[in-house]
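Which chain is which? They are A, B, C and D, in the order written, and residues in each are numbered from 1.
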Amino acid sequence: MKLIVVKDFEEMSRVSSEIVLGVMHRNERVNIAPTTGTTPVGLYKIIVERIKNKSYFNHVHYYNFDETPFRVSKKEGRIITNLRQMFLTPANIQEKNIHPLDQSNFMTRDQELAEFGGLDLVILGLGEDGHFCCNFPGYAKFSQKTVEIPLQGKLYELYKGVFAEEKEIPEALITMGPSAILASKKLLLMVSGKAKAEICKQALFGEIKEDVPGSILRTHPDITIVVDEDAASLF
Amino acid sequence: MKLIVVKDFEEMSRVSSEIVLGVMHRNERVNIAPTTGTTPVGLYKIIVERIKNKSYFNHVHYYNFDETPFRVSKKEGRIITNLRQMFLTPANIQEKNIHPLDQSNFMTRDQELAEFGGLDLVILGLGEDGHFCCNFPGYAKFSQKTVEIPLQGKLYELYKGVFAEEKEIPEALITMGPSAILASKKLLLMVSGKAKAEICKQALFGEIKEDVPGSILRTHPDITIVVDEDAASLF
Amino acid sequence: MKLIVVKDFEEMSRVSSEIVLGVMHRNERVNIAPTTGTTPVGLYKIIVERIKNKSYFNHVHYYNFDETPFRVSKKEGRIITNLRQMFLTPANIQEKNIHPLDQSNFMTRDQELAEFGGLDLVILGLGEDGHFCCNFPGYAKFSQKTVEIPLQGKLYELYKGVFAEEKEIPEALITMGPSAILASKKLLLMVSGKAKAEICKQALFGEIKEDVPGSILRTHPDITIVVDEDAASLF
Amino acid sequence: MKLIVVKDFEEMSRVSSEIVLGVMHRNERVNIAPTTGTTPVGLYKIIVERIKNKSYFNHVHYYNFDETPFRVSKKEGRIITNLRQMFLTPANIQEKNIHPLDQSNFMTRDQELAEFGGLDLVILGLGEDGHFCCNFPGYAKFSQKTVEIPLQGKLYELYKGVFAEEKEIPEALITMGPSAILASKKLLLMVSGKAKAEICKQALFGEIKEDVPGSILRTHPDITIVVDEDAASLF
């Protein structure tokens, strides 16, 4: 793993944008799986400004790596909706370059990706509980490829608040599991803030175990981890 | 992971030789870490025949990934000695392309490798107990880079028989740990024989856990696993 | 360029097969453009034996890089027909992995290839006049991408003999030009026989000029050139 | 080739910096050959700011690709001196990462580079006469690797003005020739300004010939060409 400790959120975003733009500038089709959440907000601000309406980035394709679908309504899931709002729509990405993951296609996603050369880059954040994508402690298995995770127990409690209407809470989440994410050619992990300091130390320097799902990421042969000083304060 | 099931030991050796020669044929410096043991005997027979005295393979460098040093005598360790006997000497590899791992350099090996572009390929076998390199169940931590493993307990029992003289039994083994091996750009894992069927199934399809060290290998983004029908008989 | 001089046609075929199989063994989609002619006959014999009915090569796709279409009949062109006979059919390649180049698609071929990651390997021979693909001295321009070459003058003379019926002689050949071929990630050039000794020397060590179309090939950053002793006899 | 047309010098510098930083962010040793001249001034301003005193770029090595040595004094040549002034010194690059090309080592440079993995990126400008590095029309041969170019005729006239003292004018220039530059894994070509419009059009869309040395560059399988609107005004 390559670890880069930077001053703050802004520098984390800037350094990360260099890595992402470096991959985007390749001469052929590029497949990227970008995260949602608060960590990449600064990154996407930089990237959107740079790639918006630039035809020389038309070969870049986007795949969301997890989804929390709505149970009843037929609208797109929460993750792809967020990703559109914070990144894809302001960047004016063509619809043909957007590949939403959902209940209808998750079982064939790994195969489909392989046919188009596989993922070139996954942009990841780390949860305070050590999760990445929808790989949560107590649920994640390092062996999982792209799977459905039944929304039960602690996970149900965690998610019920995020749906305005109870009838919309889905029976299951969908996520690329650790083995599917590690199959990407390159990984970028961003971690920011004091609240992440403890889990960041565990994930980067502690035992590699399923209770800290993010701990497996550092075994990837081409991962860059960009951490701000707050998140690195316990190293 | 890419899994290739072949008929027998001979075909495993042949298919593996294609993968190894493919890497060796690259146009620039290539760094390979080859395993010892009985599994690669057929592979090396093919490779030796092909690369012996061929100057167009002069850019290939060899690194052993583990070592059981002699405690008293100053001779080279058992692993590099075996590797020379079964592969490097018959292939007539120049001494400047051979990079023995030992007690004097194991702590700087990962750094040294990085300066020369890192490992391009590790050729691995799988022990009946799930070990690879000197990463044994009960001792291996997925987080380990290149480390010393104190020769104690079960491990002492396992190794004492392999030294003719008790005074030569070392205090510690040296091995590239799981995290050091997974940092290679490419991995090749060969498994052969009915005796490996149970562990092979566990390592490839079971839980990824330190009790089965080899189970972590399949998370590598560019691993090819070549298994003969006997070893695959429980899939 | 990496130059490998071998004893004879048989060794040229074997060494070349190692390079081709090395590329085919990659874990994701691989796009290969194979040549026809007499030079690769030994290579395809080895390869066919190895890949026939092997599902672990199902991710390899084949693109012919030139074509001499029939003018009147609607059957497939001469090149793809030959390629099927000598390689694709005996290797039992699935139809969906075969991508014939013809008059209907040559103008969009470069674009189509780019969308699927571009060519990973082109397998090339060298004509006694220095041509490769249908890039002939007096007609080839280094700047050409995939183009139509009007069948006139010397070229008409050259080709009219190869068609049984005069009405079938096409108005134009189709070929990936030098610039399209050099866009491949890797090139393999095979040259065999005393009759090629003079042009081989010119192409590899002489001036790089359009009169010797093959002279441009050695500027590619990842080309391996396998030459037998007869063809190398004037080096 | 991938062609990117941008608004002006500033945007050319910014887009180019993304490509350069993308290469620099790789996880292992990176070898870069940067140009001097006025074209990269904006690029280096951005890069210097970003990499200065950042230990996570310590694996990046720098090689100048041409040199105009002083004939009498023993000081470093003009090119490496300029490169230090405009880039390496303000970026505070460690001396061990700087590899000056000079009369003593030019004949072994290609070999030395190959042992360290070859060049990963060459950053190039284009002269109004179509030259790149010291590959001038009338002198450059596409077939040249790293060579000495006798300073005679037009070339002597061109260079005599750049030396304050006549006794310092060298007998020969040193340059990586077209074949040495094209051996790099990636190329970045920047062109800016109305004065370059005519040659830029010729080099990118005209005949590929030694009279326009830069015309060969676009055959590289991984070149990105960043041109501002002024330089692209005749496309």
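Observations
Note that in this section a contact is a pair of C-beta atoms (placed from the backbone, for glycine too) under 8 Å apart; a residue touches a chain by one contact, two chains touch by 3 or more.
Since the model is a prediction, treat every value here as computed from it, not as a measurement.
When chain centres are set by their Cα atoms, the one at the greatest distance from chain D is B. Among the pairs C-D and A-D, the greater number of C-beta contacts is found at C-D. Mean C-alpha position of chain A lies 38 Å from that of chain D.
Measuring from the averaged C-alpha position of chain C to that of chain D gives a distance of 33 Å. Residue positions of chain B touching 2 or more other chains: 27, 118, 221-222.
In terms of which chains touch, the assembly is arranged so that all chains touch all other chains. Taken in their complex, chain C has these residues touching chain D: 118, 141-143, 178-179, 182-185, 205-208, 215-216, 218-222. Of all residues in chain A, those touching chain C in their complex are 27-29, 59, 114-118.
Listing the residues of chain A that touch chain D in their complex gives 2, 4, 18-19, 21-23, 25, 27, 50, 56, 221-222, 224.
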